[in-house]
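Chains here go by letter, A, B and C, matching the order in which they are written, and residues are numbered from 1 within each.
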Amino acid sequence: MDVLELKNVSFVYSKGTPFQKVALDNINISFEKGKITGLIGHTGSGKSTLVNLLNGLNKPSEGTVLLNGKDIWEKPKEISKIRYKVGLVMQYPEYQLFDETVRADIGFAPRNLGLSKEEIEMRVLEAAKFTGIDDSLLNKSPFELSGGQKRRVAIAGILAMKPEVLILDEPAAGLDPRGRREILGGLTEYINHNDASIILVSHSMEDMAYYCDNVVVMNKSRVFKSGTVKEIFSNADELNDIGLDVPIVAKIASKLKKSGIDLQGTLYTVEGVKEAILNYIMEGKR
Amino acid sequence: MISDITLGQFFPGFSPIHKLDPRTKIILTTLFIIEVFLADTPLLLALMLLTTVIMIGVSRISFAVVLRGIKPIFFIIIFTAFFNIFMTKGQGEPLVHFKIITIYKEGIIRAVFMGLRVIILILGTSILLTYTTSPISLTDGLEILFKPLKKIGIPVHLFSMMMTIALRFIPTLIEETEKIMNAQKSRGADFSQGGLIKRVKALIPILVPLLVSSFKRAEELATAMEARCYRGDKNRTKLVKLTYKPLDFLWFAMAVLLFGGIIALRILPGHISPDSLIYDILFYKV
Amino acid sequence: MKEIIKTKDLCFSYFEYSDNDNVNQAKIDVHALVDINLTVNEGEYLAILGHNGSGKSTLAKLLNLILTPQRGNIFIDGQDITKPDLTEDELFDVRRKVGMVFQNPDNQLVATIVEEDVAFGPENLGLPREEIRRRVNFALNTVGMSEYSGHAPHKLSGGQKQRVAIAGVLAMKPKVIIFDESTAMLDPRGRKEVVDIMEKLNREESITIINITHYMEEAARADRVIVINDGKLIMDGTAKEVFSHVDELHSIGLESPQGRELINELNKAGLNIDTDALNEDECTEAILNKLKAI
C-alpha cells in the first residue's frame, strides 16, 4: 500500500519572472507504507523541492500530492494538519531549537497540536527515547548541549508529532560513524513501533544500502529510476552515468562477479557481501 | 526565492555613470541634493528635471525600471500633494469653492511643484548612487572620503568593515530566516493567524534560532578573519585602489557648471523688471 | 626532511561549570588534549581522525594560536610559538605560515566579491597592490575559480565557496594548510572538489596538508593518518597501518573504509586474508586471490 503518492507533479520557481526555473518536471512516484524509502540525487536535482511538496510547504504548480489517497491541497486552509502527519526533519535541524528547556522544545509541536498536558509529556518522553536523549537532559537548555545531542533533540521535536510519514534530509550530516548509526537506528525503531514510514534523503550510499528498502533516484528535475535497493544498486553503471556512486562493497562484489566469482544475495552491504562470499566457498566445497 | 532579491537595488552595467569613481558619485549626489533644494522656480526645476532625464538616459537603465523605484514613496507624494492643494491659501479667487473645500491656483501649483521636487530628488540620487554603484564600492568610497575623521578618533575603517560584512551576510541571513520559518512551520507554527500579541509571540521560534546562529556565525567569522591575519587597518593595503579618471573630472566640471548656473539664475531676477511677462514665466516664486 | 610542526607534551583544557544545582559551582577542567607529541615534516599529507568531540579540532586551532595551550610547546618551522615573549608580528607570521580552512563555507568569506575575499589575507599582510593582484590571480587559478572572480560568494555552491576559502588561504603563501572538517557540510561532488585540491596543493605546491575529517574514505587517501581519542593521540601510521586495526577503530566509534571492513569480517569468519589492502581494487584483488587459493 502506498502512503504518499505524486501524480504528474511539476514545480516551477518564480513563475513568470526572469528567474523562472523548473525544479520538478512531471513526477510520478509513490512511497510504500511501513517502508524506508531513500531519495538520492545531486544537489539541485530537485530532491529538496520534492521534500517541500510532500509536507505541503510548497504547493505543486501542477499535479496532485496524495496522502493515503487524498489530495493534501483539497482544503488549503487545513494544510498545517498535513504537516503533522508528514513530519519533516530538515538539514541541520539543530538550528530550529529555541525553547528554554529540551522538554519544552520537543513539546513545541504537540503544544501547537493543542494536546493535553499529560499527552504532551508522554510524547516528549517517547520521542526522547527513540532519539536516545537521556532523561537528565530534558530540563537543560538546548543550547548547552553538544552538536550531536542538539541534532537528536531537533529530531525528537518532529517525532513528538507522531507523524505517519517521517521525512529526513541528511539527518546524520556531520556526525561520526557511531552518531550516524545511533540516530538512524533509533528512527528505524520508531517506524516499527508506530506503523509509520520514512523517506530518507541522503548522499551516503552506504546508509541507503544499510537502512532503506526502496530507493528513488532523482536527476535533472525528474525521477531517473526507482525500485528496491537491490534493483538500484545492482546496476552501478547506470548510476555512474549520472555521476552517482554505489557503495564500495557493491563495487567490490561486482568486480568479483566479473572475475567469474558467482556471488548471490544482498550484494551492497558489508554483511551481505561477506555472507555471499562465504556461501560461495561453501558451495565450492560441496 | 527571497534570496534572489537584488541588494540595495544595484543594477550592474558599464555606462559612463557606472564607471565613475564612487567618491565622485557620493560628492555629485550631495551636490545634486543641494541643487534640488535651491531650485525654487519652474525654470530651475525644469533644468533639474532635464538633468535627471539625461542622467537616466546615460545610465542605460530603462525608464520603466527607474520609475518603479518611485512606487514605494508614491503614497507620500500623493499625500503631500493633497495636503498642499487643500491647505494653501491663495490671493485671488479660489478655483473651487464647495462647502469647506476651497482650492486656489497657488495650491495646485505648489502641489505639482513639491511632488516634482521629491520625484526628481529620488530619481536623481538613485540613478547617481544606488542603481549604479555596487554596495562594496560605495563602502570603499565612503571609507576614503571619511578617512580624515580618523584623526578625531572616529574608527572609519571599523565602520567600513562592519558595513562590508553586513552586506556580505544579508543574503545569507535572509536564506536562513526562510529555512527556520519552514522548519517551524513543519512543527505546526502559524505566523498568519491571531491577534497582535499572538503574532509577536509566534515570532519567538524564529528570532531565537536566528539570533543564536548569527552569534555563532559572528564567532566563526571572527576566528576565520584572525586566522587570515586580520589586525584592523594596521599595516593593511588594498587590492582595489580608487583613482579619479578623466571621466570623473568631466562630471565634476559639469556639476560645477550646473551649480553655477543655478546660483546665477537665482541672482538674475534682480536685473529683470518684475513686471515683465518673462519674469513671471522664469521666476515665478512658489 | 625538515620538521614543519612539532608539539611537545601539548595540553589544553576548556573550563566548564559542574552541573550541580549547588551554589558552590565548581569549575572543572575538561581535558580536550593531553600530552600530544606530534611531528609533521614539510610536504606531508596527513589526516587526523577522531569522533565528534575527540579534540581534533582543538589541536588544529592550537597550531596557529587561535587557542593558546596551557602546557607544552609548539614549534612551527623551528620556532617556538609558545614562548611567553612572542611578539605580535611573530604571531601573525605563524598565522600566515599555517593557514586554515574551516567547516562552514558561509562563515569564512568576508567580502561580497570573490576576488576581494581572496585578497583579504594578502591585504592584511600589507603587501603591495601588484603583488596582491598576482597572488589573487594565482590562487583563484590554482583552485579553478578564476571565471568566478567577480561573482558574489552567496550565489556559489558549497564546494565552490570552500574553493574560494582555500584560495584565500593560498594567497598568503602558507607552508601548511589545515582543513578543519572542511568537507563535512558538502555534498559528494563538493567533497571531491576539495579533496582533489588538497592533493594538488600537496603535490604541485609542496604545501603540507593536514585534513581533519571523519570520512574514512577521505582519510584513507592521505599518506599518514593519526587518530585522536578523548584528547589523546592513540594511533599514528600510514593509512594502511591505521585502518588495518579495524576492531580497535570500532571500539572508539570509528570505522575503516568499507573494503577493509569486508576483509576484516571475512577474516573473522576464518578466511585469513593476509593483506594491507585499503582501496577498492586492492581489496578486490586480495579477496580474489584468496578465493582462488582455496
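By definition in this document, a residue touches a chain if its C-beta (ideal position, glycine included) is under 8 Å from a C-beta of that chain, and two chains touch if they have at least 3 such contacts.
Remember, predicted model here, so these are calculated numbers, not experimental data.
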Checklist entry - Which chain has its C-alpha centroid at the greatest distance from the C-alpha centroid of chain C? => result B
Checklist outcome for this item: If you tally C-beta contacts across A-C and across A-B, the winner is A-C
Checklist entry - How many angstrom between the C-alpha centroids of chain B and chain A? => result 48
Checklist outcome for this item: Rounded to the nearest Å, the gap separating the Cα centres of chain A and chain C is 30
Checklist entry - Given the complex with chain B, which residues does chain A contribute to the contact? => result 13-14, 19, 52, 55, 57, 80, 83-84, 87-88, 90, 93, 95-99, 108-109, 112-113, 143, 157-158, 161
Checklist entry - chain C touches which residues of chain B in the complex? => result 3, 134-136, 164-165, 167-168, 171-172, 175, 216-217, 220-221, 223-231, 235-241
Next on the checklist: Residue numbers of chain C touching chain B in their complex, please.
Outcome noted: 61, 64, 66, 88, 92, 95-96, 99-100, 102, 104, 106-113, 115-116, 119-129, 132-133, 136, 152-154, 168-169, 172
Checklist entry - Can you list the residues on chain B that touch chain A in the complex? => result 1, 4, 176, 179-180, 182-190, 204-206, 208-209, 212-213
Item to check | For the chain C and chain A complex, residues of the former touching the latter | outcome: 50-53, 103, 157-158, 181, 184-185, 187-190, 214, 216-217, 253-255, 257-259, 261-262, 265-266, 269, 271, 280-281, 283-284, 287-288, 291, 294
